[in-house]
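Can you read through this structure? Questions will come right after.
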Amino acid sequence: MRETTPKQDLFRGIWKENPVLIQMLGLCPALAVTNTVENSLAMGVATFFVLLGSSLSVSLLKKFIPGEVRISTYIMIIATFVTVADMSLEAMVPVVHKKLGAFIALIVVNCMILGRQEAFASKRPVGRALLDAVGVGTGFMIAMVMMGGVREILGMGSFLNIPLFGDNYEPWVVMILPAGGFLTLGFWLLGLNWWAERKKQRQKVLAARESSERRAA
Amino acid sequence: MSDEPQVQEPEDNGASSAGIIATLAVAGMLAGLLLVVVYEATQPRILAYKEKMMKEAVGLVLQEPASFTTLYLVDGKLTLDLPEDAVEKDFEKVFVGYDEHNSPVGFAVVHNRAGFQDQVKVIFGYDPETGGMMGMKVLESKETPGLGDAIEKDMDFVGQFERVVAPLVGVKKGSGSGDPHEVDMITGATISARAVIRIINEAFERWDPLIKAYDHGGSKDA
Amino acid sequence: MSKPSLLLTASPHVLGPDSTPRIMWTVVATLIPIIATSVFFFGPSALLILIAAGAGAVLTERLIGRKGSLNDGSAAITGILLGLTLPPGMPLWMAFLGGFFGIAFGKLIFGGLGQNPFNPALLGRAFLQAAFPVAITTWPTTDGPWGALRGDNFALPLMSPKVVDGTTGATPLGLFKFEQTGTGMGNLLMGNTSGSVGETFGLLILICGAYLAWKNYLNWRIPVSIFATVFAFSGILWLVDSSAYQSPMFMLFSGGLMLGAIYMATDMVTSPTTNPGCWIFGAGIGFLVMVIRVWGGLPEGMMYSILFMNALVPFINRSTRPRVFGQQPKARAAKSEEAKS
Amino acid sequence: MGDLIWILISTVLVNNFTLAYFLGLCPFMGVSARVETALRMGMANIFVLTITSICAWLLNTFLLDHAPYLRVISFIVVIASLVQIVEMVIKKVSPALFKQLGIYLPLITTNCAILGLAIFQTNKEYDFFQGLFFAIGAGLGLTLALVLMASIREDAERAQVPKIAQGMALVLIIAGSLSMAFMGFAGLGSAS
Amino acid sequence: MFGKEFFRHGVHPPEAKDLTADVPIRRVPFPDQIVLPLRQHIGAPSRALVRKGDRVERGDKIAEAGGFVSVAIHASASGTVKDVEKRAHPDGSYVDSIVIDVEAHSAQVPRPRVIPHWEGLDKKELLRAIQDGGLVGMGGAAFPAHVKLSPPPDQKIDTLLLNGCECEPYLTTDHRTMVEYPERCHIGTRILMKVLGVKKAVVGIERNKPDAIKIMRETVPDDLDIEVLPLTVKYPQGAEKMLIKAVMDREVPEGGLPMNVGVVVMNVASVATVAEIFETGQPLIERILTVTGSGIKKPRNLIVPIGMKVGDVIDACGGFTDDACKVIMGGPMMGPAQGNMETPILKGTSGVVVLNEEEAHPQATYPCIKCGHCLDACPVFLDPQHLGSLGLNMEYMEMYDKNHLSTCMLCGCCSYVCPSHIPLSHLFGVAKSALRSEGVRV
């Protein structure tokens, strides 16, 4: 594994290796519960909590976890935190909990979390593991809000339940339906790819110009 | 795209089975402990919330009775008390509401069946003597937002269930003949609206004889 | 000997008379009478919808498609067909959006003409149906002054159309499904019913389809198998209980069945290439449309049936490739191997 | 019986696990490049989902009434280990079948469709047979979605897909289109 | 036992045969130079027996068979060997060829030879004579005739099938052969029936040649069981496998030969040449050739010496018209277009078609719209649409392994019907040659 600086650990997950938009991990919640910004945020927070908690535990306990059963142990740790998150949400914000439904429990099988434990937390000191978890968790949250934002704005004409277009707005119901989830992520990927492609083209043009100037000189 | 964690061969093969089991047991115990603590801490609030919601729903569909109680279906009969050692959730139940004088005002029934997308769960209250509906509330549905979910949000539709008489008949909006059994459908969401009516009719058909057979005398008044 | 400048191309050096643009533009030409009758029934609204949907499709193709790809006529077909499947009173911005979605995400994203798995016009419509379920099921009636608009065509972009009272009706299928009301066969055949811009005049669509089939611009097996399946399916139900189910003729001529069977299902790109595949494809559409109409939640299922079967087309093609000339059936080949040894 | 059939149809078409609930997305995206592998993946899924359903029913009936807070943990642990055991048994009993399904089984264990099935089944309070039909329906639905996706992708492989749409973006748009196409089945069984 | 007189699928291109259908066959004057490529047939190339400066007489053997699947080549005109060198071949490559400078003012009389009467020869001697006579299938494929005529002992042959279909548009070579030399055809048939030991022969002729059908029928010898069978006009009726299907309703197995179903197919021109070899002793040194098309001033049917350059042939027919644009060696469905007027007429060349600008105008191609017309046209039931998309992606092994590329005979039906004008059969040809260069037998 490449050696990384703490700063890289923190920021890498936020954008450059964004779990949803770049690595395509944790798609199930990113598509299922992002029909409003509120739900996306709640899901983001819950996932963040689970990620942080399990990264901390795994990093602390890494010496005691036998290699043969490490995956099962990670899953157990994650499942514990998920259950805690599930019950806490239900007790504190029952309305949101009802909307997220079974998808909170499904954080257990969010490959992103297990992936971080296996790839990072189990091999690094506690501080680094936490930084990484914060970075990835933030990245996940950003992606969730990007999804939720588009879907809520188009699908309901509002952002965080604040109407944007007045009363007469015709909502695009499809955006808050399952199909809208797929399409929105597709739109975002198209957009990001387009942006990356454009950047590449520009660099190419710049490089060409530079080299021609050098030749001219 | 590989979502699966890369399962590498474990590096330390030295760990003994006993060690593994011990570690797992300790971890499991710790996890269990944590869960029990959180469970104990949150459960009261969760149950309280659920009860509150149910109370509100029953209150709504029975037009705010002074009190209400739960009846259980035991051996084909409605009774107030459960047999000993029985678990509450194993029994079907209805709610009966009372006014200030402890005389029953109506029954509330929960029932569900398939709607447009998924199951629709409805609670409704009615007066068994006249068959007159007292109110209806959709407890759970995944009907299409902006269309089928009008069965929850369209107040014109929901409001009708305070006046109509079971069994219900759905008619196109504005084409009713004034019959008390008629319910105006929602334009564009006919299936969902029809599902609500069917739920109520089904539940009515099933529970009405049971409710009529229920003898109030031996319960609350006593 | 004087040697002219010679052309070197691969054999064969004689080519058949058909060409892709010719097929496409012929289809467009056969749509003209259908457009004309729809304007006759629904007035200027029908024309406006067609223009908006067509503009959405054509402009999108022009802006993000390959250079010159407008010439093959496929974008125009998509736009017109989409327009024909929309209710006349729909806001124009929605029709435009449907055209854009159908071309951009139904076609160009797969690489343009010939590469799309789903019929772009129907995908555009499916998007509109999912996005604006109320607006797309608000059907104006055919009566009323000819020149009047059939709804709030000019609603501002992103805004809801105003509901114009008393001018909306229900399609024959909707009437039957939700109100148990029949529709006269005469009106049904002549297209004098509520419905989408171009779906009502079944007889005319049938004639146009017959012409295209004669030109071999559509595979006749597809509509024939759709009709046969629907006829048989609804015929059986009707014989069992003629009060609860409609007659086969009603099922054939109501809703978008004719338009779908002739113009949508037969879209060459999204239908099977093999003839047995076409039979299966058509029968599948017929079966699904009846399932949705009879047991489903929607009064009409033509669009969804076709889209679903579109998704199956690669699979159908794969499994219905003909037995290659001289290829031994497996059992026989094994036997002859045995005989040899 | 009609109830069971409705559960089956509804799970396959109306509330398709992948296209409406976003469960089993990992194989849907990852193992859908070839029809043949997609089909096998689907078969393996049906198999594991059925086991899951039985497991979940047993756990719900005999254990979780007393300790609901152990639900998620016990589901995931028990199901994962059981699949592992079944995998070993298949390997012993029928190497041919193992060759067909084997490599997919461990992949499925951490698949959200499995846990999702157990949880949905619990939330819907299905009894044993309802759960079984639910599981089979979910598996069939997954298989259908997988095979459709795979056959479309196999064709798209040779299409001149624009550069920015290549890869997951295209897969997602196809999935969205499929999801819209499946919307036609909404209300199936509820109108009669 | 007999078929339905047609096969399934196929296409109906415009026949365009009336340009030369009634034009009698004429000889042409000898050209100045003759080019005889050593590879004129399928199989091993012949081995040259002459060297630069050698003098050859017309009919002399100048190259011997290079193996069993190979035949001899004879000088088609008297003269001096200019050289044995690489020369342009109609398929576009450059091939070792014997170039003969034709002796001016020569009488061009073949060297006198002793010809034993064929009835006295046994099967083996007959076959050797045929191989030595340089005979190959003259319908286009140029498969050495003696190979076809010597099936392995376990293959029972019951019928000799004479191919008089000439399904390629424009060409009237076989048509005129049957009309003008019916007896020769029947003598050849008699010899071949003896070689094969069969009692039955069928002549398949498309219905668009009623005069040929009539003459062939009238001239059938009384003692032979030869049936003249009119067939539906359809391209590619003249392809061996299609013809067997149409006439006998037997399907040659994939990768197999006609002999696997008990049939040997010979083109009528080849059969007439068999008669010539045994009657006159003259090997295959000249052939009948249709020179036609809208780009030719005087379309004609000619007897030309093998190895005559295409430019000389065109000059013999009055030359190009002003708008001539494309020269095709063979029929317009399968023949390659020529850019070099030096390429020679081969043993298997059945015609030269010159198209004018209007007919040869290249069509714009469009993306495949999956109309499926190519599947309806393919006479061997391939999926050209799928093969084509594989071909465009250069997935040649996939084409060969799973999609029966080797069954494709490049007849061009798919390209003909394709509304998007995708050069399908060209793609398949490219795939085949790419695979062959990797050593795959397709």
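Order of writing sets the chain letters: A, B, C, D and E. Residues in each chain are counted from 1.
Operating definition for what follows: contacts are C-beta pairs under 8 Å (C-beta built on N, C-alpha and C of every residue); 3 or more make two chains touch, one makes a residue touch a chain.
Note that the structure is a prediction, hence the values are computed from the model and not measured.
Asks: Tell me which chains count as touching both chain A and chain E.
Replies: Both chain A and chain E are touched by C, D, going by the contact rule given at the top.
Asks: Averaging the CA atoms per chain, pick out the one whose centre lands closest to the mean of every protein CA shown.
Replies: Nearest to the common C-alpha centre lies chain C.
Asks: Would you indicate which pair of chains has the most C-beta pairs in contact?
Replies: C-E
Asks: Which one of the chains is farthest from chain D, going by Cα centres?
Replies: E
Asks: Taking each chain's centre as the mean of its Cα atoms, which chain lies farthest from chain B?
Replies: E
Asks: Between chain A and chain C, what is the gap in Å from one C-alpha centre to the other?
Replies: 40
Asks: Please report how many Å separate the Cα centroid of chain B from that of chain D, as a whole number.
Replies: Their C-alpha centroids are separated by 28 Å.
Asks: Which integer distance in Å separates the CA centroid of chain A from that of chain D?
Replies: 23
Asks: So how far apart, in whole Å, are chain C and chain D when each is placed at the average of its C-alpha atoms?
Replies: Roughly 32 Å separates the two chain centres.
Asks: Provide the list of chain D residues touching at least two other chains, using ranges where the numbers run on.
Replies: 26, 29, 69-70, 73, 110, 165, 168, 170, 173, 176-177, 180, 183, 186-187, 189-191
Asks: Taking each residue of chain B in turn, which ones touch at least two of the other chains?
Replies: Answer for chain B, listing residues that touch two or more other chains: 1, 3-5, 31, 35, 38-39, 116, 144, 146-147, 191.
Asks: By the touch definition up top, name every chain pair that qualifies.
Replies: Inter-chain contacts occur between A-B, A-C, A-D, B-C, B-D, C-D, C-E, D-E.
Asks: Which stretch or stretches of chain B touch chain A in the complex?
Replies: Where chain B meets chain A, its residues are 1, 3-7, 10-13, 15, 19-20, 23-24, 27-28, 31, 34-35, 38-39, 41-43, 45-46, 49, 53, 144-147.
Asks: For a test of understanding, state which residues of chain C touch chain B in their complex under the given definition.
Replies: 133-134, 137-138, 177-179, 297
Asks: Show me the residue ranges of chain D that touch chain B in the complex, using the header's touch definition.
Replies: Going through chain D, the ones touching chain B are 6, 10, 14-15, 26, 29-30, 65, 68-70, 73, 107, 110, 124, 168, 186-187, 189-191.
Asks: Taking the complex as given, what residues does chain B use to touch chain C?
Replies: 116, 144, 146-147, 172, 185, 188, 190-191
Asks: Could you please specify the touching residues of chain C with respect to chain A in the complex?
Replies: Counting only chain C, the residues touching chain A are 91, 94, 105, 109, 127, 130-133, 135, 155, 158-161.
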